[in-house]
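Inspection log for the structure reproduced underneath, given as structure tokens.
As written, the chain order gives the labels A, B, C and D, with residue 1 at the start of each chain.
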Amino acid sequence: MIHFECDYLEGAHPKIMARMMETNLEQNGGYGEDLHCARARDLIAAACGVEAEAIHFLVGGTQANATVIDAVLRPWQGVVCPATGHINVHESGAVEAAGHKVLALPCEGGKLNAAQVRACHGAHWNDATHEHMVQPGMVYISHPTENGELYTRAELEALHETCRALGLPLFLDGARLGYGLAAYGADVTLKDVAALTDVFYIGGTKVGALFGEAVVISNPALRRDFRYMMKRHGAMLAKGRLLGIQFETLFEDGLYFDISRHAIDMAMRLKDAFAARGIAFFAESATNQQFPILTRAQQAYLAEKYVFAHWANVDDGRDAVRFCTSWATNEANVAALIEDIKTL
Amino acid sequence: MIHFECDYLEGAHPKIMARMMETNLEQNGGYGEDLHCARARDLIAAACGVEAEAIHFLVGGTQANATVIDAVLRPWQGVVCPATGHINVHESGAVEAAGHKVLALPCEGGKLNAAQVRACHGAHWNDATHEHMVQPGMVYISHPTENGELYTRAELEALHETCRALGLPLFLDGARLGYGLAAYGADVTLKDVAALTDVFYIGGTKVGALFGEAVVISNPALRRDFRYMMKRHGAMLAKGRLLGIQFETLFEDGLYFDISRHAIDMAMRLKDAFAARGIAFFAESATNQQFPILTRAQQAYLAEKYVFAHWANVDDGRDAVRFCTSWATNEANVAALIEDIKTL
Amino acid sequence: MIHFECDYLEGAHPKIMARMMETNLEQNGGYGEDLHCARARDLIAAACGVEAEAIHFLVGGTQANATVIDAVLRPWQGVVCPATGHINVHESGAVEAAGHKVLALPCEGGKLNAAQVRACHGAHWNDATHEHMVQPGMVYISHPTENGELYTRAELEALHETCRALGLPLFLDGARLGYGLAAYGADVTLKDVAALTDVFYIGGTKVGALFGEAVVISNPALRRDFRYMMKRHGAMLAKGRLLGIQFETLFEDGLYFDISRHAIDMAMRLKDAFAARGIAFFAESATNQQFPILTRAQQAYLAEKYVFAHWANVDDGRDAVRFCTSWATNEANVAALIEDIKTL
Amino acid sequence: MIHFECDYLEGAHPKIMARMMETNLEQNGGYGEDLHCARARDLIAAACGVEAEAIHFLVGGTQANATVIDAVLRPWQGVVCPATGHINVHESGAVEAAGHKVLALPCEGGKLNAAQVRACHGAHWNDATHEHMVQPGMVYISHPTENGELYTRAELEALHETCRALGLPLFLDGARLGYGLAAYGADVTLKDVAALTDVFYIGGTKVGALFGEAVVISNPALRRDFRYMMKRHGAMLAKGRLLGIQFETLFEDGLYFDISRHAIDMAMRLKDAFAARGIAFFAESATNQQFPILTRAQQAYLAEKYVFAHWANVDDGRDAVRFCTSWATNEANVAALIEDIKTL
């Protein structure tokens, strides 16, 4: 079987594996205070236009989300989030585990806009009983969203200005950030993300690494004692070197961007093939996740050779399904799938 | 000004105050282990058809909700609730403070039905990624709802059977239970509530007491160590006698039911007056809260003499407002208001 | 039986009960925003030398402790506390329920001193692995302590200066504060407490009220959004008037201080009687709790007519026991007990 | 510099690295449901004498401790632990973050005994105010302890019987379990650990792996929904294969035991060298951590070539320091250090 169901099917990019082998018997101190982490922080800091002390390395996305949100909010505050947000749907209550309500807003696709944030904030503070309600304390967005969508720079600027004006830190979940930055037509750069959010992370798990998310706390006011929060959340890896080595490799010579672009190229081939066959999509995605809407028969046909994920029920005979590409997607597998799409 | 904005405007029923005075210098042990609490438990147990050890006295509704939910759920579980539920909207995140997500379901009015519970449960367990999602662990309803609505016995039986079949304890918030039991046409009795739920409470704060909610844990499987949970939630009143004395008085000679009926009678007079004037209602309520939809001019006119609460924006020129009656509502005040409604 | 086992055996001071009766049918808004609360805040503010907005009324001590500590600390911080502190021993983990470690320090009696706080703070920050340890975030003391002891003004000043220098808010649990202020020889006044701590509370439950603790947040930096925290902790009483009325009565004409002095006078008579009989004490207490060390035979003899509490095992044949007086203690009962002590 | 300060200085055993390389481009499903995890579970199950479904793979020790404890306890319960326990000292409050008190008992060295557990349990339940205190809900021990000590089989049996009799699940932190099993004179086997505890983990991070702890829930009653707890704690690694591959390699052909024995052999050489030089030890350790007590001059001398850790202040001129060996310790480095110890 050829797998397209998610973007974390393989290990790590061969350059990362090679670096892991080379450094394996080096003796490094623990907990992210080694030279590899230091160098990775410097490389990312330069790429983002922030100070190196803004950067921390965590193991996974749920962990990063829970730790950041717990560090930013006061107990009586909640995190404003699109209803489809990963923290609202797929983290088994990790945000609530730290005592915070997810203030989920209905949304078109997976995006929030500045007007929604203003409305939510206004509704809270204008309510005579606001002290009986969870106070909006920060805003969470994903870029790309869980449905593969991207914010434009104008949208992100509007969110940034609104959040700044309202005193709500803006947090961007970048579990697939590489794929968002590398998408054709995307006008948001890594430096834009750093400038327009208060905290975000650069996903490694889905973009070339074995695991690892680089949290960037652009806003210095939110940096205090973050390492205590990491430890408390079980998020301080003993052999922190492993995170340092991986991000060092990803941010040397633009590897992170190159491999992200590969995934995009593979995804666009699939997108074009589905579109050419007249198949509609559940969401308009310029990134590595594509959500064609297939009949049960079409699904059964493709399922003989390929693994893909059910995404959403659409109507009686059809479902939205997900095909993912990644840094590791094999061109020959994509070509084979395209041939089969033609005969759907 | 004459106040109708809520149902906790006055102190306590005069019989309670008299009993508080009589017993004031008695020496009683603390923490709910005195003779007044014991007697109150016996009276309520008889009225509900449960064992006396099912019953605990807490001070307020948010406290009761948070303590019960925290006692019933395991950490990875959430509480299924109508979107309008008090725990979802008006408790400043007290449920999340104990680590639990409120799984809010959209609803007509403020009620949940058995089909929604089955659908929510099924959607969870049929999802391939259910371990990444908060597991439904119990069901919360209010009777009357926050909008004054009532479950029929058939509806409550259906919820009971569904919850039992799915292994989901059913919790009924009875902050205004007296008003639900005393409503004309209501077919749910206190014994029904005890038989058809796993845990519920009998609200005192809004029904004759200075404060106090009698939690009844009908399902013995949920009773373990509940007093530890009370203490941990700051919900074990030092002078527990105060709760015992109040509930003892309320459940002697049917006082709780009599004073509830008074509130209903007063509310029905108001309801009839609004209806006679051709005014529509935001929710169909047979209980002590009425939600007429008034123009801004009508609101301004009534606001000269009466205090009432804004409830919801309805359309451009009108709002739903709330008029509450209670055990303490003065007939003369109601008569005066009715006269003014006639001239709206 | 005559009860001396605790100081919350009776209801409330008759003046409070009278005021509750008089005001019972007044219509007052909820949640502490009524005129009685406003007046009580003004009276307490004047007595403490703070602004009225510093003051909030909660129902009980565990609730007050948990709410204050949760409001002051950040998630990775703990509260420094003498090992005997109520929050460490007798609150069923209410502090931990909000995610915080109690950093209990061994102590002589129930008091902390400034040197201990400095040492604890220094040990943390000098440890190379401090990010792996709970950070000291505030200091909790009780005055009187759980053993009836009092801080001198010099001791409190030293704690204040140390805490201020180290950035650790100082929180004083005043569940029995009246008895501390009224003790003979005590040199700490209410204004001293307000000036030398960042937050404290004036206990009502044990000093004349049915229930209620007046939290005073002397340090304006800690006041933000405290009412959200109260609601979240189930600590915002619907009929807040009840707290307002009680504290208004207690702080008119010095009632709080007068009734506290009565308890002290009664306690000193007992203390003298035990001492005259040659009986030693477990702790040196100038307040309303006395801890004589009695043989089993002495205990059995007194237990025929009096109820008192076991406090601690001392040695083979003896135990420390607790006799409490309060605002309500009857002189005749004390006289009877003194006669019986003479014949021990 | 030659490093001995901890046992997580290097990457992973070369066999693990080789297996990671070989399998790198395999396509595997996520979250621990791949074939490598399945095989690793089977191998560990056989080694422990438990069912494969008892086993889950987590990334690190603090994460494993926090997740297990949160899964076992009810909210009002705490975990009994020696005062030196890692969860009490070095996890930044991760246990408290989930709402639980660590009930730390004073101990000789780092071990608890059955009598202490019985006494703690008895003291709780015999206290008249036990509902006001955190209820002991489970017992945590480390084997080896943080000081390198080992339980004998007899001691572990006594703890097991006591815990079983009292209804307290026994949890063994095995972050360094390999070194405990491989120690000369140790009479506790892996099957013993599985039979005598309710849940434990087999540490990989410090014993040959890049990272990873294999949690074994021997007691089926504690297994329910554990994967939800993992996800909620951010402890479900997306590329679970990485854990499967590592533990598969460690439990084929006894690699885990062989490399553990190497560390012990290296440690014993150091121990003998210190002892031959007349140097005393802070703790009697048969495992991979050695704690010689050195003067400041001795420390300065060794610090010219070697890195080791400060452990505890002993007296004016001396400190206990820590030298660790591991699976990766180089014989030549040990030989060099021994030569230098001779000249101390």
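Note that a residue touches a chain if its C-beta (ideal position, glycine included) is under 8 Å from a C-beta of that chain, and two chains touch if they have at least 3 such contacts.
Being a predicted model, the structure only gives us computed values, none of them experimental.
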Interface composition of copies chain C and chain D: same or different, split at half: same
Far-end chain from chain C, centres as C-alpha averages: A
Angle of rotation relating chain A to chain B [CA atoms, steps of 5 degrees]: 180
Mean-CA-position distance for chain D and chain C (Å): 42
Euclidean distance of C-alpha centroids - chain B vs chain D, Å: 50
Distance from the mean Cα position of chain C to that of chain B, given in whole angstrom: 33
Where chain A touches two or more other chains at once, by residue number: 75-76, 91-93, 97-99, 131-132, 228, 231-232, 236
Chain B-touching residues of chain C, taken from the complex the two chains share: 2-3, 5-6, 8-12, 14, 17, 20-21, 23-30, 59-64, 66-67, 91-94, 97-98, 205-206, 210-211, 228, 231-239, 241-242, 328
For the chain B and chain D complex, residues of the former touching the latter: 31, 70-71, 74-76, 98-99, 131-132, 135, 225, 227-229, 231-232, 236
Chain B contact footprint on chain A (complex, rising order): 75-76, 78, 89-93, 96-102, 128-129, 131-134, 310
